[in-house]
Amino acid sequence: MRYFTKQQGQKEAVPVDLEPLGNDLYKLTVNGQTYQVDALMLEHGTMTMLVDGQSYSVEFEENGDEVGVLLRGQVSRFDVADERRLRLRAGSAAFSVEGKQLVTAPMPGKVVKVLVKVGDEVKEGQGLVVVEAMKMENELKSPKAGKVTELFAKEGTAVENNAKLVVVE
Amino acid sequence: MRYFTKQQGQKEAVPVDLEPLGNDLYKLTVNGQTYQVDALMLEHGTMTMLVDGQSYSVEFEENGDEVGVLLRGQVSRFDVADERRLRLRAGSAAFSVEGKQLVTAPMPGKVVKVLVKVGDEVKEGQGLVVVEAMKMENELKSPKAGKVTELFAKEGTAVENNAKLVVVE
Amino acid sequence: MPKIRKVLVANRGEIAIRVMRTCKELGIATAAVYSEADRAALHVRTADQAFFVGPPPSRESYLVQQRIIDAAKQAGADAIHPGYGFLSENASFVRACEAAGITFIGPPASAMDAMGEKTRARANMIKAGVPVVPGTTEPIATLEEARVYAEKIGFPVMLKAAGGGGGKGMRKVERGGDFDSSWRAAKSEAMNAFGNDAVYIEKYLEKPHHVEIQVFADQYGNTIHLNERECSAQRRHQKVVEETPSPILTPEMRAKMGEVAVKAAKAVNYVGAGTVEFLVDVHRNFYFLEMNTRLQVEHPVTEWVTGLDLVAMQIRAAEGEKLALTHAPEPRGHSIEVRVYAEDPARNFMPSPGRITYLRVPGGPNVRDDSGVFPGYTVPNFYDPMISKLSVWAPTRAEAIARAQRALSEYVVKGITTNIRYLKAILAHPEFIAGDYDTSFLTREHETLLGKEDPKLTEMALLASAVHAYQRDQKRAKSLPTAAGPGGGNGGVSPWKLALRRR
Amino acid sequence: MPKIRKVLVANRGEIAIRVMRTCKELGIATAAVYSEADRAALHVRTADQAFFVGPPPSRESYLVQQRIIDAAKQAGADAIHPGYGFLSENASFVRACEAAGITFIGPPASAMDAMGEKTRARANMIKAGVPVVPGTTEPIATLEEARVYAEKIGFPVMLKAAGGGGGKGMRKVERGGDFDSSWRAAKSEAMNAFGNDAVYIEKYLEKPHHVEIQVFADQYGNTIHLNERECSAQRRHQKVVEETPSPILTPEMRAKMGEVAVKAAKAVNYVGAGTVEFLVDVHRNFYFLEMNTRLQVEHPVTEWVTGLDLVAMQIRAAEGEKLALTHAPEPRGHSIEVRVYAEDPARNFMPSPGRITYLRVPGGPNVRDDSGVFPGYTVPNFYDPMISKLSVWAPTRAEAIARAQRALSEYVVKGITTNIRYLKAILAHPEFIAGDYDTSFLTREHETLLGKEDPKLTEMALLASAVHAYQRDQKRAKSLPTAAGPGGGNGGVSPWKLALRRR
């Protein structure tokens, strides 16, 4: 079974071949290297993973399509899909910063400023919307150069975590 | 809405009248006394309850029909049913130590000894089955005087928590 | 004064719980107050009683004096503990408590007045003979006067344009020989830039450290200090890591600063726990910065090395008990506190309120967690995003750092983003380990502190994410009646489509 | 001897994690071993490496010496820490480690041999001049010999039938004047009961306390004691609550017992951490009971009042470091440990293994939780049912008791039954509070310690259970498509029937 794992911040997805051997054992091949992995999922998104005798306590946090992986103090975020799912997604180009990009609220708060309007050309890193939470203002920036095609954010309104704010295409 | 609450170890169920007032507020009447209760259920079976300004942190633990209530260090166990449910149960007499009594394993372990056989007359407090767990033997006693009508326990077999062992009638 | 039997804690979060813990140990009943956003908060459940005081914004609830006092009356509380923040340094609230016949656990209103406003505090301290950052604050008329003043406060000095701001019109003078020319240049620059050549002089502090002294006084004028805390690991004047003893203090400096702090407290007839903050420059001169007339967030490190319970001492002082100590206890070992915040250091420390889905708190030897959260709790976005103060003790500083690292490595908070990794990076930074880090440390080293990825760990995380995806997909497949079981199959509706639809 | 770089911890549960925590702080890598029942255990995740050693029963996994040594070799560990229990006092395992070139963190095999078997230990201690419970162990031939012996060891004495057992044929003699007649009566009783009139004499210990002395030695014969622990709160020889200092010890007794304990350790050329257990009678005579040649479960209380890390000291001693201390540190303040067990005191302390569905661990000042469990963990029924050691520190014993009560009141374990309420009852018992409780305390006061219901709290619990039932029913009603929403309604299938069917 082949999975494609795209790490947040990376442009390319890395293929991983997974073969379940039963009894929580897996054969995993990535970048030409094969690992025998003993991975037991516990409750609350915790996994205990043994790889070549090394013990890793892994904590998962799902966030939409992405999963955050906390392992020995390091957090990495991956979007993992199998081939079929990848095909389903091909149209939306979610696996790359090319194409349509949705900017969402990273926390619940209040939209205090909207810096763009639909149709604006924006540069990568340009401020789009300012959200306030816990008395701090946070400017959300464009992940790519492009054009604002949709705008959900309204000044003065409260937004939930992950609320859609702007689409840049 | 009327509930009947039978505390473990008590023979009689106590009626409680509950009127939800909305916003986590309830009017509760028990033993002729009426309380205004602010009760907010949190996750993991925790409840924060305010009664006349007094604050109670309540922990619930469901165990079959019973719920264990931990409140300021004291654990009480109740079986609570509304009138309709009470009627449904009337046949099984679960609300009293009169009638059929099921003795279950209080923990996972191993049945090391079965002290009775079907048809035996037993006294209240008489040993029925010995279960071993964590190197300790625990004798399970009859909750009432009566006759052994069913026997599920087998010597030498492992049992899960709450496994049926003996029925005394 | 009679014994206190019930305390209303006019605060929320970890500090409310901290105060209630000591009350419980002393056999004193507690009452909590809560805003609409805090009905589910832990401090409500920790107290014996709880009273609603208004809508989420603090100015409509926790800051409304009358509501707090009404709650205290309703509870029958004979005292109010204000915690820190909120009403803790509000002299008018202290007066309102007095008027209502309720003991305020803290200093008298007059001491708050004397220390409340910066320039008034500065004037009071100068009068008491406490060193303040030397400076004229008013423009100086002539070159001669200016030179004499500069020599008096000692070089280097800063010349600052009175009309300026934002760093403009500032000029550092290293030594006396440069003074005259610098003065003239500064004046002409000021004139060009602001149309106003007024210039004033302030002592230039090189690599300043923030070192504060804990003081404590009873109602009879007995005043002692309880050693220092080093709080130079700051970000935007927000303390992030605190420790005691300060790695830059000698026993002589400690004694001298302690003496000055006691002098400052006595000058305002202080009662209870207070903190005198100093700036210490590279030459180890120290200058009064301000006095916090309340319990400090970072008080646990002082408790670790002295064995004292500052909250219990506050209560006893409020009851009119005499101070049991006559001098500062010798600091024993070393303690470090780190503040765990719901924030994302990689995104400019953006707050990360939200629901804590899973929490595992460190344990084992000499680790203390002061926290107000629990699994299932939603960190509201109305208040300070600090979710825990983690403090440790060890015989030496190096061991304390190692222990803090170990404890942080056990801390798991899921559902929200925290600064745990950033805290580990601070503790691992050579400048922190060396001990001589000034208040610019965190800002200066920001990039380094964000850390780099370990490619080996990323690869392990990648393996884990693949197993996670596999198990997720298996579970989804199983939960669909038409799915063909493990391994997939393609009859019926695609599990993927269903899974996507469900979003 | 070279520094230890990697330690295999040949144990499980809280003690494995305790050892790994210190290793982590010292920068030493750790390897865990686990049985089939422990794949999901926390010690596996806490270690850097983990190795499988066999099926759940300890004799097929944790006790199989060769498997442990093979795991250590595979891990490349240069040392093994045995924890307590399992192989920790097994001299042949120490020799096997030696043979494999792996450092055993503990005493040499010879010291274990000398202390391992009770009568041999007793003989060794008598030789070393350490007081043991006086007695002949062998029958005495004549009345005269017997009287002389009884006078030597001092009254009261017990006369015991050599052929007896289970309390039969025992006779207490209060004073010398009664001796002759008692001796004759005992002999005739013994003859009647067992057909054997052999009688021996043992000192009668009145209200014995279990007080133990922590000792520590390096490889060069430097041996010190680290004060005592009072462990008289026992049930079936199982310690439940431990504290230090012992409330019955004077500084003189501490010094005397410490000196004797050091003598005992030196007599067997002890190295590392060990504990010499004594019985102390009502007259404050003390007698050697046995020596535990390993780290003790209750070592945290010693760590609290001395500021030492005993595991770190064990590792340093194993590395060949010289002992840094020359004498016992003065105990600072007071520490109490309570053992939280998965057991039901109301049902004869029946073990309660099972899944922990929810866990909230106490925090705040001077509370230490040493635990090996987590929410979602299933306490297996193969091993000791202790799930946590909770210890606290405070300046005085009364404050330590209050703090332990406060901490226990914060402890929430759901899914299994624990003895938390029983522990609170012990700490609240007047005999415990008074401090002079002997080893019969828990058994004698069993009924009282099970506690009574507070009818007010029961009524509140009843209210809570009604709200719980209402919300449960609402939720069930909602999850049924045909249900008529809140308040019930009676169209379609009865939610009750469905709910019952689902069981």
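Just so it is clear, A, B, C and D label the chains in written order, and each chain counts residues from 1 on its own.
Operating definition for what follows: a contact is a pair of C-beta atoms (placed from the backbone, for glycine too) under 8 Å apart; a residue touches a chain by one contact, two chains touch by 3 or more.
Just so it is clear, the structure is predicted and the values come from calculations on it, not from any experiment.
Colleague: Specify the chain most distant from chain D by Cα centroid.
Modeller: A
Colleague: Which pair, B-C or A-C, has more C-beta contacts?
Modeller: A-C
Colleague: Roughly how far is chain A from chain B, centre to centre by C-alpha average, rounded to an integer in Å?
Modeller: Result: the chain centres lie 46 Å from each other.
Colleague: Please report how many Å separate the Cα centroid of chain C from that of chain D, as a whole number.
Modeller: 40
Colleague: Just curious, how far off is chain C from chain A if you go by their C-alpha centres, in Å?
Modeller: From the centre of chain A to the centre of chain C is 33 Å.
Colleague: Find every residue in chain B that makes contact with two or more other chains and list them.
Modeller: 44, 46
Colleague: At least two other chains touched by the same residue of chain C: list those residues.
Modeller: Residues 375, 409 of chain C each touch two or more of the other chains.
Colleague: Could you list each pair of chains that touch, in label order?
Modeller: A-C, A-D, B-C, B-D, C-D
Colleague: Which residues of chain C touch chain B in the complex?
Modeller: 31-32, 39-40, 44-51, 74-75, 375-377
Colleague: For a test of understanding, state which residues of chain A touch chain D in their complex under the given definition.
Modeller: For this pair, the touching residues of chain A are 24, 40, 42-44, 46, 48, 50, 53-55, 57.
Colleague: Which bits of chain D are touching chain B when the two form their complex?
Modeller: Going by the criterion above, the answer is residues 344, 347-354, 357-358, 381-385, 408-409, 412, 414-415, 420-421, 424, 453-454, 457-471, 473, 486-488, 494, 496-497, 500, 503.
Colleague: For a test of understanding, state which residues of chain D touch chain C in their complex under the given definition.
Modeller: The touching residues are 17-18, 21-22, 24-27, 300, 303, 307, 309, 332-333, 360-361, 363-371, 374-375, 395, 399, 402-403, 405-406, 409.
Colleague: Touching residues of chain B toward chain D in the complex: what are they?
Modeller: Those residues of chain B that touch chain D are 1, 3, 5, 7, 14, 16, 18, 20, 26, 28, 30-31, 35, 37, 39, 41, 44-47, 49, 51, 56, 58-61, 64, 67, 69-76, 78, 80-82, 84-85, 88, 106-109, 133-134, 136, 138, 161.
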